[in-house]
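To keep things simple, chains are lettered A, B, C, D and E as they appear, and every chain counts its residues starting from 1.
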Amino acid sequence: MFRRRYPPVASMPGTYILSPDSLKPKIHAMSYSAESLKEFDVKDLSLIPALVSEFHVTWLDVQGLGDRTVLDKLAEIFSLHKLAMADVVNVPQRPKVESYDGYLFLITRMAEKRPDTDQDVEQVSMFLGKNFVLTFQENYGDVLDPLRERIRNEKGPIRHEGAGYLAYSILDAVIDGFFPVLEELGEDLATLEQDALDAPTPQIMQESNQARKTLLILRRVIWPQRDAINSLLRDPHPLISDLVRVYLRDCHDHCLQIADVIESYREIVGSITNTYLSAVSNRTNEIMKVLTIMASIFIPLTFIAGIYGMNFEYMPELHFRYAYPILLLVMAVAGIGMVLYFRRQGWIGSDKDKE
Amino acid sequence: MFRRRYPPVASMPGTYILSPDSLKPKIHAMSYSAESLKEFDVKDLSLIPALVSEFHVTWLDVQGLGDRTVLDKLAEIFSLHKLAMADVVNVPQRPKVESYDGYLFLITRMAEKRPDTDQDVEQVSMFLGKNFVLTFQENYGDVLDPLRERIRNEKGPIRHEGAGYLAYSILDAVIDGFFPVLEELGEDLATLEQDALDAPTPQIMQESNQARKTLLILRRVIWPQRDAINSLLRDPHPLISDLVRVYLRDCHDHCLQIADVIESYREIVGSITNTYLSAVSNRTNEIMKVLTIMASIFIPLTFIAGIYGMNFEYMPELHFRYAYPILLLVMAVAGIGMVLYFRRQGWIGSDKDKE
Amino acid sequence: MFRRRYPPVASMPGTYILSPDSLKPKIHAMSYSAESLKEFDVKDLSLIPALVSEFHVTWLDVQGLGDRTVLDKLAEIFSLHKLAMADVVNVPQRPKVESYDGYLFLITRMAEKRPDTDQDVEQVSMFLGKNFVLTFQENYGDVLDPLRERIRNEKGPIRHEGAGYLAYSILDAVIDGFFPVLEELGEDLATLEQDALDAPTPQIMQESNQARKTLLILRRVIWPQRDAINSLLRDPHPLISDLVRVYLRDCHDHCLQIADVIESYREIVGSITNTYLSAVSNRTNEIMKVLTIMASIFIPLTFIAGIYGMNFEYMPELHFRYAYPILLLVMAVAGIGMVLYFRRQGWIGSDKDKE
Amino acid sequence: MFRRRYPPVASMPGTYILSPDSLKPKIHAMSYSAESLKEFDVKDLSLIPALVSEFHVTWLDVQGLGDRTVLDKLAEIFSLHKLAMADVVNVPQRPKVESYDGYLFLITRMAEKRPDTDQDVEQVSMFLGKNFVLTFQENYGDVLDPLRERIRNEKGPIRHEGAGYLAYSILDAVIDGFFPVLEELGEDLATLEQDALDAPTPQIMQESNQARKTLLILRRVIWPQRDAINSLLRDPHPLISDLVRVYLRDCHDHCLQIADVIESYREIVGSITNTYLSAVSNRTNEIMKVLTIMASIFIPLTFIAGIYGMNFEYMPELHFRYAYPILLLVMAVAGIGMVLYFRRQGWIGSDKDKE
Amino acid sequence: MFRRRYPPVASMPGTYILSPDSLKPKIHAMSYSAESLKEFDVKDLSLIPALVSEFHVTWLDVQGLGDRTVLDKLAEIFSLHKLAMADVVNVPQRPKVESYDGYLFLITRMAEKRPDTDQDVEQVSMFLGKNFVLTFQENYGDVLDPLRERIRNEKGPIRHEGAGYLAYSILDAVIDGFFPVLEELGEDLATLEQDALDAPTPQIMQESNQARKTLLILRRVIWPQRDAINSLLRDPHPLISDLVRVYLRDCHDHCLQIADVIESYREIVGSITNTYLSAVSNRTNEIMKVLTIMASIFIPLTFIAGIYGMNFEYMPELHFRYAYPILLLVMAVAGIGMVLYFRRQGWIGSDKDKE
């Protein structure tokens, strides 16, 4: 459930632990101004300072956190605070925005598929400086390829605006990535709800618990995300221009929409549980009815048959010529009487209404 | 459940997707001042700037969002922000008020009938400028015809006031449209509650879940609506005169009333579920009673009959003259004894009290 | 459930609908200063302006809202805003305080008996001006007669203070009117709670649902009432003197007490539901025990009897002299064994402990 | 449940009703400065003004509210507001602090034993003036004797500090009086929780409901108490010195601790209900298992015996020499087979695991 | 459950009670500046003032609170307020930060293992002065040894920074100590959840109640902890430098993460209860099915056998040659018919689907 990488208790602040199966970092650079674009995989970290100072905006995207030397070198180049670097590596952290001297540090989390665990909501850590954006991701691959394509094709204002706009664009893409995840989840909930009514198997309980946990994870991501963006909107920061602020307002709006949907889904999961429990009760009810009807009809009849199976010497009825057919008739009447009684009680016949 | 139109992740901000089954836009213009009124269906968009500058107030109502050229042209004429235009098309959005340079952008949502899905609560997007109101709706037809009639008939202050008053009037009509919807829903809930007590069928669970979802949708509409109006009341805006602010206070009040009713209904839905579950438990109880009574009376009697059905050679009672009638008597006494016991337990006879 | 009178959607703001069964207005005037008092039923509305200007304080109480002419005339005399007048007629509204030019508009609601519907909590609308209080009630009769008596008898400071003090006195009386209602409800809840334990009939569920709804209505009245008074305490208003503010603080306190009690009662209603459900479960349990005991004792015995009822030719036991009494003994031992087993399980005998 | 003494609706503000069984007031005076102490039972109220002006601090403790003359006289001597006096008598009121001209009015409530009703949490009303503290209690006896002892013995700073410190000391004693009450309640809850698992009788439901109500009462006392102290901490008042404020912070802290414990207990009461309901379900389950096992084993066997009890003329098996022992064998095998099946299902044998 | 040490009601503020089994205090001193370090067990308290004035930072760690003389002496040396000293001894207290003249007083609580009671979350009280940190713990041993090691080894900035940084480091270690506790708890919850589905025994209810209580305790610790740190962040204090504030922000973040996890776990505990209850219902259901199937098949057949076991003289079928085999066939058909009916109802065969 909860599984955050954390250093040993009481170790030096800013300590981070590399997971043994962390991937080797791949660093991708996109440096651009309105007119020019330079894109390449960074092999030699010492080239970076020149690159950053030469271009209007440089986006360094680090995928894989498995090499302490690389991380330390980057921290040194951009003078990143060791607490921030620890938050980059000790994933997952709560989404947040922190202002440091000369740069903003943003943590956001990205859902590419419906999360089963906190791990599926991959953390994207972002440093936003005057003319650079530095992103860190734990795994290779992300939802940002269309954004890279936009930079290459000079679509939209992205090549004309500064690093703040790029940071916004990344944030926006990460947040909008929750919509398809929620859509898929919503369809599964609709199916689950129908099944809870039609075919209440214990699996429904399991799946609704799973959905509840997925929603918990998404919620734990989106609420702090909203707060983080809100703090950017409220407190003007030199790295966030007024233009970017308008766009961030849109981002904030999307967070609210996602939060709304999550809360609605949580209520629906609750009503699925209720529906399932009531369906089980109903089943028990139906089973009891069958048992009661069968027992109520045949146990008394068996008793009557039992009486005439007794071996008393002096039982005058036994010798009466029409006793047997008369008794059969009496039994039939009693049986039919019971059936009619149960039908009047709505226990028979009403079965169809209820299905 | 959740079904919002949204552009591909990481696409350019302000991108919108036209649904293939979007309706062709119909644009209806009402331009008026206190003395004059011009009303017509706009075919040629290039006439609009002249119209707007000529009249005191111009209301352009666009129904149908299925033509990108028309939308882009309108955005150009009124210099609408592309993020706002995206919110117009990517429905549904949360109700909100956003201030842009030269105009206010309002999103509100309109319930003409009891909503089953978010789709039934049609979004009405509104741009309020100095002397124009521009509304966008996805479908043809709305609840605003009486308002148009009032403009035509110069009823009320509407022809004397500016665009802000018109915007208020539209908002007011949209919000008041929730009252009949809630009234109908309230009547259904009252019926449902009675049925849960009198005739607890699984359908009740289904219907109460449906009501719960309807209330979730209404709630997701009305709370942000309230916040949006509140922000207009709190932060003076040049396009909202003091006179209009008094009217908006009334609007805000209606939002609160609607929110109150929704919260009450949500509680009632919860108590319907409880009632239903307890009614099912009671039914099971009643069924068990019948079974237990029948079994408890006849199983022991059958056992007694079984004893005298045994074929032992030496069973003196079998040959006793009055054994049979005495045994019948014993059985009758035992049976009646059981009946009396159950009656004293309140299992028989008390049935009537409970119905 | 929800039943608010409201005008057609998109009609002119300030429109109100007179219910066909509205009562004809009766207008009662009490004009007083410290020394003099004039009290009469107003027939001629044109006398009012002179009356108001002549006396220190004039209280006009309008009971019955069934005459549009009267309402319009009063609105004209006191320059009442049409939105306020609409709130007077379109009952019920949320309690609130609104400040208009020259007067305060207060809506409050009065519970004379335990409410089943919103209708039972009659709205009292109040306009407080410099030297007049104008109240509107839908029905004849109210809880204010002791107040009128106090004015007549010059008891208390009421004749020495201004219109603000009168308004406070009315508000105070209306709010204190909730105490007896809550007291009665509390006694009913205590009975209901005891019954849920002792005699769990489905009616309890129905009554606790009814109580829940009553509490919902009271809550929807008292919370906004508290907010309204609070806003008067917070924001100084020239019509509310410091002296009156001290008294209003007391009023506010009573609102808080009422709200406390309502929340407590809501919890109690919840625990009644729980108690009832658990009592039903216990009943089912008891019934099942009886069934299981009867069946477990007699079904095996019947089986044994069945064996010796078989007609095989070669069953040596049948011819054994003491087979029958021995078998009876075996059966008795088996039966008593079962009884002892169940007693050890606490199913028999422990019945008494549980009652 | 709710039982507050309140005057008739619409009576004069400040009206109070003396309960017929109110006790006669006993007034105890302790007047002290650092060096001297005068302590006596006040018989003649006219001595009070001299006493108050002579000593540094005078504590007048009035126990019993059954004499209107005494109350009125005291109100006159100390110029107490009639609304405050009404709050003294119309118990119980919410704990609060109100500032009047020249004195502070504090209401607090004292729990000497675990409360069953609001009555058990006795109201202590306190007037704090420049050099006097005037307390009113409804009943004789309180938790303040150790405090009186401290005054007598000049222990602690109490004799050196002013009236504010005395008021704090009283408040502190009253609040700390909740700790033993909660401790006792906590032990009862622990017992109840264990019983709900081990011996789920309906009484548990009743007791947990009782505990829930006790907690409701305590909560209704402690939250407003916390708010009242908080308001004293926030808004400096000349009667509360900085030194006393430090002590009040400690008081506030204790309120928070008490509130924490109450909320925890409320959760525990909820989980007791859940445990009880699940234990009842489990019992039903166990009972059903016994029934099902008995019925499933013996009903089929009885059927087989029934077959060979039929009186058909031509039943070849009946005449077969070893039919009877073979049939008995078949029956034993069938019975044992059922037992094994149920054991594999975990219905038999697993009983022990579950106990 | 609740067990706080508290002095007798109405005793002098600042009174504390030594528990009879309190441990003798052991005082460990670490005095350091960037260059030098002095570490020893303090035997003679009179050395402390010199030590504190000599070194840049002195950390005095008192483990064991069982000697009033030592506590009083320390309070005297550092001029500690008696209310603070009472909070040190009367454990447990809520985590908090209080500012006194010349020092800050911090209460925090340390979880070394999963807490069953409040006692397991050991209180660490801390006084932070200009150049000293004084900590009090009730028991020997803590989670701070790695921190002491860091001081000894001059790792990190700790030897270069002041007392504020040391206090932060202690706080950070205490808070981070919750992560392993939560991780272990999370794994237990995951197991419990799986068991609730697969093997619903009453023990699960007990364990989930235990987990709920553990979470309550952790929650009661972490929320006030967060508030305390927040108040340090918000209100600048001379003892907390800007550098330390940046680190405290990280601490605050960890509190939020812990609080998030606790809230998630609470939801999971709730869903375990639901799962368990539904699993029990399902079991009952399955048991009922077996009973109903057995009874419905064999009771009617037994009745038929009973008929032909009657001893009537005139029962023509008895003498019919093929009556017996035909009847057996009829019975087989009836039995198989019932089986098929139940299979069609999904009661047989669907068993496998549900497991």
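Assume a residue touches a chain if its C-beta (ideal position, glycine included) is under 8 Å from a C-beta of that chain, and two chains touch if they have at least 3 such contacts.
Quick caveat, the model's predicted, so the values are computed rather than measured.
Superposition on CA atoms relates chain C and chain D by a rotation of 70 degrees, given as a multiple of 5. The mean-CA centres of chain A and chain D are about 41 angstrom from one another, to the nearest whole unit.
Each chain gets one centre point, the mean of its Cα atoms, and the points for chain B and chain C are 25 Å apart. Counting partners per residue, chain D has 277, 281, 284, 288, 291, 295, 299, 302, 306, 309-311, 315 as the residues that reach two or more other chains. If you sketch which chains touch which, the chains form one closed loop in which each chain touches exactly two neighbours. Starting at chain A and stepping first to chain B, the touching chains follow one another round the ring as A, B, C, D, E. Listed in rising order, the residues of chain E touching chain D in the complex are 1-4, 6-13, 81, 83, 87, 93-94, 96, 98, 201-202, 205-206, 209, 212-213, 216, 220, 224, 273, 276-277, 280-281, 283-284, 287-288, 290-291, 294-295, 298-299, 301-302, 305-306, 308-311, 315, 317-319, 321-324, 327-328, 331.
Every residue of chain C that touches chain D in the complex is listed here, in rising order: 143-147, 150, 155-156, 158, 169, 172-173, 176-177, 179-180, 182-183, 186-187, 189-190, 193, 197, 246-247, 249-250, 253, 256-257, 260-261, 264-265, 267-268, 271, 274-275, 277-279, 281-282, 284-285, 288-289, 291-292, 295-296, 299-300, 302-303, 306-307, 309-315, 347, 353-354.
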